[in-house]
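Paired with chain B in one complex and with chain C in the other, chain A is shared by the two complexes that follow.
Presenting the complex of A and B:
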């Protein structure tokens, strides 16, 4: 990145592109500090009232808690399932591994709305609608294909010969996995965790089918809020979400290196 | 055959479409350094991987020190392996890499570190214990790999073309270093290479492989002077070939009668090392072979190459191209292309093989 000086025109072009892409997002920040009771730009006055309002909005806070807990549980579970699955598919060369991978990642290609409808039908019969367990299972269905994709790619890129070297030095298959394979997969594992968390946290379509009066996630609560009210409360939430996303990305960058994790 | 320390019997590896190793039989004595030599794809790596347990054998047995290890997982075999691509652990320091095998053997940490540091010193990498592999040159990485394999004092040490990724000068250095360490520690070793100079100069014995089969196992001198097959004769060192028809020990080559020790009947190939042929041009005196029986043919010089210490002649002898060398002594004029010459060599230096293998 920093080896060659970038021409000025290119810099300006890049700047304009970023402004274009990020303008709607950036616009949210001033609106969240608005003193008005509805969303306008520019606001007629400034205040922190919508942040204060948010602190006292038990429905939003509850939804935030549900979404966070849901995303954490889904991330942990998807890792526990996808890591051994990726290992079995790539390293143990189980019979029909290619077909299995294609099958497991097929939901990536399905329109989410179709998937949501299918889940709704199945869950209605199983009594999982409006339950936390139902949300966990539904989110796992969405997140697992992503997790499996990233982890299989990461594992397939590792030289097998390094693991073989460890085994000739006396390491059992389990030791090889924990001491050699996993550490070498770390960028892929961090990327998978970040991706799983964000996909689950951000999921709205399927959650819309499954949530009800008793339980709701943050994206669904926000959607329902703007349907009935036009106040800047959702702008305040959006700013918090942007901060959260940036925090996740920065943690990934610190621990594994962003370009290494997502580009390679 | 007397059972060796490493004993390989009828070892075979079959992949769906081909046989990579075909009925390999080999006995290697304790402390010996044996080369597996052969062209690329002849099954050297596959043999080595079966010995290490990384590839299951289709059939046959491998035993080490009298114990059958054919079905044993690699981590129970006590074998050191050094790969062409080093295969170091990228996330561990040099010291941790070398300590890994000792840790797996439950050697107490303090002793493991002491022994690892000794091994690192043995491959001349003191002071680099805390580096990551990526911070080392190729040659240094291969030294780490060597130390990592040596430190566990394995019963057998296997090398799979460990010097192929290094430049020529470093390769020479590492060759003699590996040889002296191997001798000093007396570790039974197999050294896979496709480079005959490496095999002949480093190893006690050389196993020549071709198409998955063992062509010959012998000392470097055996292979060069008494090759068992035409393949060995042409793969190890350089040869001139002549095709002819044998009748007893008399062989007719393009109408000219030559002799070879122990020739059989039918179509044969004769091979003679270039530097064992003596070229005589018109006006030069014939060399004196004493009472030794000799062969001699006539030819015409096609080309001359000057290579500093030698002059290299290409000679057309009745349609078959021979190459002959003369050492230079300074001041002579090379015999010019087109000149008629005579080639002479001892019957004892004539190798004969059945043709069309």
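Presenting the complex of A and C:
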């Protein structure tokens, strides 16, 4: 490929823009160790007080618990729903597979503010507002497109010949799937689980419509905190979330290859 | 239309295969039908219902929401401002992302992977976290203003106004733009640049006459994506605007949650979708023109 040196101007410009891109995320780390009562930068002193504060903040801890449980359940359900669907679309040569795939990924194209409102109105009539079940269903709608896309790509990339050999040797379709296909698409499955968890865990807009005084998720609790108070508490939570994100990015990179998942 | 009539495997049209396919696709069809198709159709119908205030609905269907929204000066201003602000954010995002994408396109090996992780990681970080980071930078007691004060300059108001919203959203949308640009940079062949240079073109000329035209498909895709996301983003404008910047997305939320005027919120939602459609048409026209 290209072996020419990259022009200095481009290097400098790219560097400046990278600083701009990463500044807000990087800055959250020093702020979380601030000793100030209000958020200032640079802080006048350093301490762990906001991490201690976070441990004693029952609202945030409760929201963290809700978000974690929600993300785990949504991840498991999205796998149980998307894996069979991906199999039917890719392996069973279903008529209109392209159209089905487009329909199932359509929720991604809709703005979350519109989708949130649409679900709010229907759920209000069904008594699902402010319930855990309602949150699970709503999160499934935005997680499934990601899950289905990664799983279909993963399945379509597998060589059919191994599966054909197994069924020629007398294995039932179910055995072929569980013993041959699933192990071969493990990287795709791990990437799907990681993405599903993160998409559900980070979702804020739709949850904002559906949560209430009785139940709230972590992004919603953080949003409401930032809206009313300007203290470093959210920075402490943010650092934990950034560490979690980095862990997930590493998992995806090690298994499916991050670059392959996001860039063609 | 049931799933069973839609799904038949060619070649082996046995009922057992149809049954199996229905079984495998059933759950996803059910979830999509109940939590996506039905709510969206319901929202469309709701935009033609009369609001009785406090969340109440009239029985009759009416065009009032649409006609009053499209005549009312406040809402026209809101729509125009939303589009103009989003266009401005799109252009700034393009300018900020282009050098990174061009650099990534040229970079290789381990270094490229590290930089790509740095581009993708913010995408996976909650918008609330990134917006919070911007508050720390833009606030009166934040990084920029404290630096200005230390230098003896006057502080600037960067938060709770449109400046803050534009800066924050530009950064939030950069990863999308960079990935779209990279996807569209496939036609950029270093040999063409080399040929132009050999023939005596200045670097400036090579950039404008070779690189820019060849990367237009990526630019068009990135701009479409950024614009659409800018028009519909909610968390960042709400927090960085502090309730003082009025855009379509924030107004939808206020109408739905604060005023409880669902028909009006539904109408504004449909207007966002119309803007989406217009952006898509413009994109395909543009793509045909540059290819």
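Heads up, the rule we're going with is that the second predicted complex is superposed on the first by the 230 of 264 C-alpha atoms of A that agree within 3 Å, B and C clash if a C-alpha of one lies under 4 Å from a C-alpha of the other, contacts with A are read in each partner's own complex, and residues count from 1 in each chain.
To be clear about the criterion, a contact is a pair of C-beta atoms (placed from the backbone, for glycine too) under 8 Å apart; a residue touches a chain by one contact, two chains touch by 3 or more.
The structure presented is a predicted model; accordingly, all values stated were derived computationally and were not measured.
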| item | value |
| --- | --- |
| Contacts of A:253 with chain B and chain C, given as first, second, both or neither | second |
| Chain A residues touched by each partner, larger count belonging to chain B or chain C | C |
| Chain B versus chain C as contact partner of A:110, first or second or both or neither | second |
| Touched partner set for A:183, first chain B, second chain C, both or neither | first |
| Which superposed partner A:213 touches (first chain B, second chain C, both, neither) | neither |
| Touching partner for A:161 - first (chain B), second (chain C), both, neither | first |
| Contacts of A:169 with chain B and chain C, given as first, second, both or neither | first |
| Interface residues, chain B side, partner chain A - complex | 52-54, 73-81, 83, 85, 87-91, 100-101, 104-105, 145, 148-149, 152 |
| Chain C to chain A touching residues, read off their complex | 6-11, 17, 20-21, 23-25, 27-28, 31-32, 34-36, 38-40, 42-43, 46, 96-97, 99-100, 102-104, 106-108, 113, 115-137, 139, 141-143, 146, 168, 171, 174-175, 179, 182-183, 190, 194, 203, 228, 231-232, 234-235, 238-239, 249, 252-253, 256-257, 262, 265-266, 269, 272-273, 276 |
| List of chain A residues in touch with chain C within their complex | 1-2, 4, 6-7, 10-11, 13-14, 16-18, 20-28, 31, 38-42, 80-82, 84-85, 87-89, 92-96, 100, 103-104, 106-107, 109-115, 117-122, 137-138, 140-141, 144, 148, 198, 202, 204-205, 208-209, 219, 222-223, 226-227, 230, 234-235, 238, 241-242, 245-246, 248-249, 253, 258-259, 262-264 |
| Interfacial residue positions of chain A with respect to chain B in the complex | 159, 161-162, 164-173, 175, 179-180, 183-184, 186 |
